[in-house]
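For reference, the structure is listed below as structure tokens.
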């Protein structure tokens, strides 16, 4: 369901981020229209994680700005950014280990997150939503167990459930299939494809097999800049893209796969 | 407020800075590099003081003032050994739990204090500075006590030694590697467990040496360590955790601020003001004077 | 909601304690009243440390503010009208300092006991958490602030009575503080405060507020990315801890008939933490009970073997964190449950197709 | 685990001891001092001195035919603990009298307990006055029995510019407030006044201020180990007893030993007692104490007061023919005895009429008496110049 509007939902404009003397991002620009699915690849150190950090407000750009739905967000604290509807799933499962699976989902599903309004117990709608997601992620039987006691795969699903419960407008996924089997990877890819349309999704990964399954436009980052954009087939044919992966046999192998 | 007084206060600033630095240098290793908050650090200073006393008792009759040269290695080795035992038995089990480490080491500090009381009595023991340190240098009207100059020199020597060890030696390279990324350092063949033990023992040993210097100008008794511990932590925090030179800069800054405040208000009011000033400073620079930018630190 | 076993145990214990004046002698009752007053502060530590993960070594600051607020009122009440408190006279102070004036009024004093420590805690927390100062830094800074406060109290003798502290009280709200009947009444008031602190805090922590605190303790960043502002929640938790410490300080001052800087110093604040750790830092009942039993044990052991006491105390600090990180409460909570079956190794748990359909 | 076991054993044996404690015929008294913590340095020996007196009395058949049973408690250098333990001694152990306390703060904390329960406390340390409880016998020096005679002596030596240095707590501040009034009244000069936090170890700024002020003499009310730091740094800065004498009110023989005699030689202290006093009662006391607690043991003014306090109490009990604290308090007024301090008498306000000595510090931490008051000095809890119109009720 591509949007009619031309204005991008996420608009990164000329962002530069430096750590000490090292420039992690150099004048980087990137637009993602509402409802689109975009994949970000690039060799290690290309700046993928720094870009996500900048979008969610963890890192402040030295110059340039990040706009979300037309609003500059690159000076907002993280929780405000999150409040605007940007949700990030980290590489490592980011569940809240001291809470039960159900409490994790309830907190994610909450709309009002202020200190005073938090005293209100979850609404029936939020409760229903949490139970639905428990059911759908197959965690109903584990609902009352602290998340710390869940198996690794269960944590991954719980977190995906949390992301879904939060119902974000922009979803940032950082290597969502790390540690998954081939079958799980395929299912996750299918899930992400369905999410696009209602949500805008930006995926980082370097598992080319997974990227292939996503079947979405790809942006290649290199040395903190956008190197190429296009669909995966075109990029594969591009010798320059192969070039930047050289010296990194594992990823090169993936790229050829 | 004449010139002599102001010059005297400037020297006071330097003296206070040297003491703060001595008290804090060991912490720069254990807290700064290993993120271990050791509330028993003050007791290593105390141990250094008592070992100075013992050195004077044993070596004094034969060596006279030369006991001091026995005291330094004795205090270093004694404190380092104690530090190693502490790391091996307690701290090792608590890595990654900084708040628990704080509590456990506080317990150890209580035990060490009480042990000192059992061994040496609750009254302090006398330590007298060698006679060649008893005079004073006079520059114009300003008196510079030799023992103060000696403590300043000692602080500089320990600082220099630590700087060399951390930045120029192979040991220091390994320490910095572990500080940057424990896993990577381990993968590169660094024995991180042994290194932790060594760094902690070294920090304790440095505190022991500092204790020798402090014994020359302050009492040696079971509770003397507690008098230094909070200020020592403040020096490390203000300087920037993980930065030895930052700690030195912080010690100088706090030393001069103290001297200035004491020069113009009452001494005990200055102490309260200093503590508030440190908290205000951290508002401005929460990561200290010389912040260390490392991912490892951020996650800590 | 069905009451939890913890709530039932708490209720039973409170009931037993309510009848203590009938079966305890005068001294044990006095002692029990005092440690119960302190246990209110322990409940605050549970919120701040056990739940929100903030180790404050400066709870004595808020405890002291509550205690001094009340003590100033009691001192003014015990001073003949028109006179200055005796220690001011002995220090050459000639006019009542401005910040003493409001404490002539009992309602204002009670208001101050409830708001001043909480407000101070809020300010301290705001200063720290808005700059994202965390972990051991918070511990060091709170300890430094407490030290600054104590140093000021000692130094500003004409205003605070210095090391001697404020003492020699006569009446409170018209009640003679030195009559034996008052001891009993004060005991019940204290017990009611403990019950209120335990019940109110437990109710509060049962709301999603408690869950967010736990979430922040376990993973502050993740909580932030879920859209919660950890600083705001930590400030709230810290204020609650400050409020409870302040109430505790005021009660303790009433029990003891004096408050002085030494009562609120670093040793006090650390001891508070270790008894909470022993009882179980995450358990309200555990930490309150830990404090009460710990203090009672201290009273007995330090009488019998004063030399051994510091060894016992030191060993407790070490053993609790090494062997019993969740305290006695954690030990008790773990035992009754049947051993858990080993968790399934990351067995493929495919996302059912419905998840995607539901989107 | 062994620690845990000994903990249990201790707790258990304590419980049993509590049951067996009420031996027939004995009368209980409390000894309440800091046996741990920062004040233990000073207070343990004071508790020992009280114990010595009790042992001596018991060896001679006790008081009114009953042996004295000591209930020893640790105030732990913590003022609320003093209050709690005092309450325990009075309400649970029902002691006839308590010997204890050192700091003013501990006394202030105990005072309401004694007034509430009608107990009797013997307090053996010099203090700042301004207090007059009917439940406390203050045997240590009042300001007019230590601080003022020291000032008089200094002025008599021709020292006109006086620097006041003290720890930042009530005794030094109040003593100095009184001294300042008298310095002004005697037309002498106050050349400076400084306070260092209790336990402070850094005196650079203070010494620099002293240097700028150029006083003739320093009156020192520093407490405990701050003295060690001060004298070390004072000497390092080139001062000595010859160039700038110091008169101390809190340095007795024991502190002198800890400071190190080399640092203190030639400096002065003012007290009601020195170990070197030649009277027979003192020789006997010193010999008995050193026999029990070690040949080299230093003996100080508060220890002598604590030792004598027990004998004062015994005399008052025998005079009253009762252990009742109220009766003892009434009977004690006017009692007079030859003590290690010399001849003393209990004044109606519950303090001692006693002599004042100024001593010169010498070898082995001992003081040689260089001046003494003409006869005995009556205790004045409220200084007439500093606090006009205040008297004991």
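Each chain carries a letter (A, B, C and D) given by its place in the written order, and its residues are counted from 1.
Keep this in mind: contacts are C-beta pairs under 8 Å (C-beta built on N, C-alpha and C of every residue); 3 or more make two chains touch, one makes a residue touch a chain.
This is a predicted model, so every value here is computed, not measured.
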**Complete:** Of all chains, the one whose CA centroid lies most distant from that of subunit A is D
**Request:** Could you please state the distance in Å, as a whole number, between where the Cα atoms of subunit C are centred and where those of subunit D are centred?
**Result:** 36
**Request:** List the centre-to-centre spacing of subunit A and subunit D in whole Å, with centres computed as mean CA coordinates.
**Result:** 73
**Message:** On a C-alpha centroid basis, what's the spacing between subunit B and subunit C, in Å?
**Reply:** 32
**Item:** Residue list for subunit B, restricted to those that touch at least two other chains
**Value:** 114, 117, 266, 268, 271
**Asked** Which parts of subunit D, given as residue numbers and ranges, touch two or more other chains?
**Response** 36, 168, 195, 197
**Message:** Edges wherever two chains touch, nodes for the chains themselves; is that graph a line, a ring, a star, complete, or other here?
**Reply:** other
**Message:** For this structure, enumerate the chain pairs that meet the touch criterion.
**Reply:** A-C, B-C, B-D, C-D
**Fill in**
Listed in rising order, subunit D residues that touch subunit C in their complex are 3, 6-7, 10-11, 13-14, 17, 35-36, 73-74, 76-81, 83-85, 87-88, 91-92, 103-105, 108-109, 111-113, 115-116, 128, 130, 168-170, 173-174, 177, 195, 197-198, 387, 390
**Asked** Within the complex, which stretch of subunit A touches subunit C?
**Response** 56, 58, 77-80, 82-83, 87-88, 90, 94-99, 103, 106-108, 110, 113-115, 118-122, 132, 136-138, 149-154, 157, 160, 162, 164, 166, 179, 181, 183-184, 187-188, 190-191, 193-195, 198
**Message:** Touching residues of subunit C toward subunit A in the complex: what are they?
**Reply:** 204, 207-209, 211-212, 214-215, 217-219, 221-230, 232-233, 235-236, 340, 343-352, 354-359
**Request:** Report the residues of subunit C in contact with subunit D in the complex, numbered from low to high.
**Result:** 25-28, 30-31, 34, 86-87, 89-92, 151, 154-155, 157, 161-165, 167-169, 178, 252, 256-258, 260, 262-263, 267, 297, 299-312, 315, 319
**Item:** Touch list for subunit B against partner subunit C, complex
**Value:** 31, 35, 37, 90, 93-94, 97-104, 106-111, 113-114, 117-118, 230, 233-234, 237, 266, 268-269, 271-273, 275-276, 278-279, 282-283, 286, 300
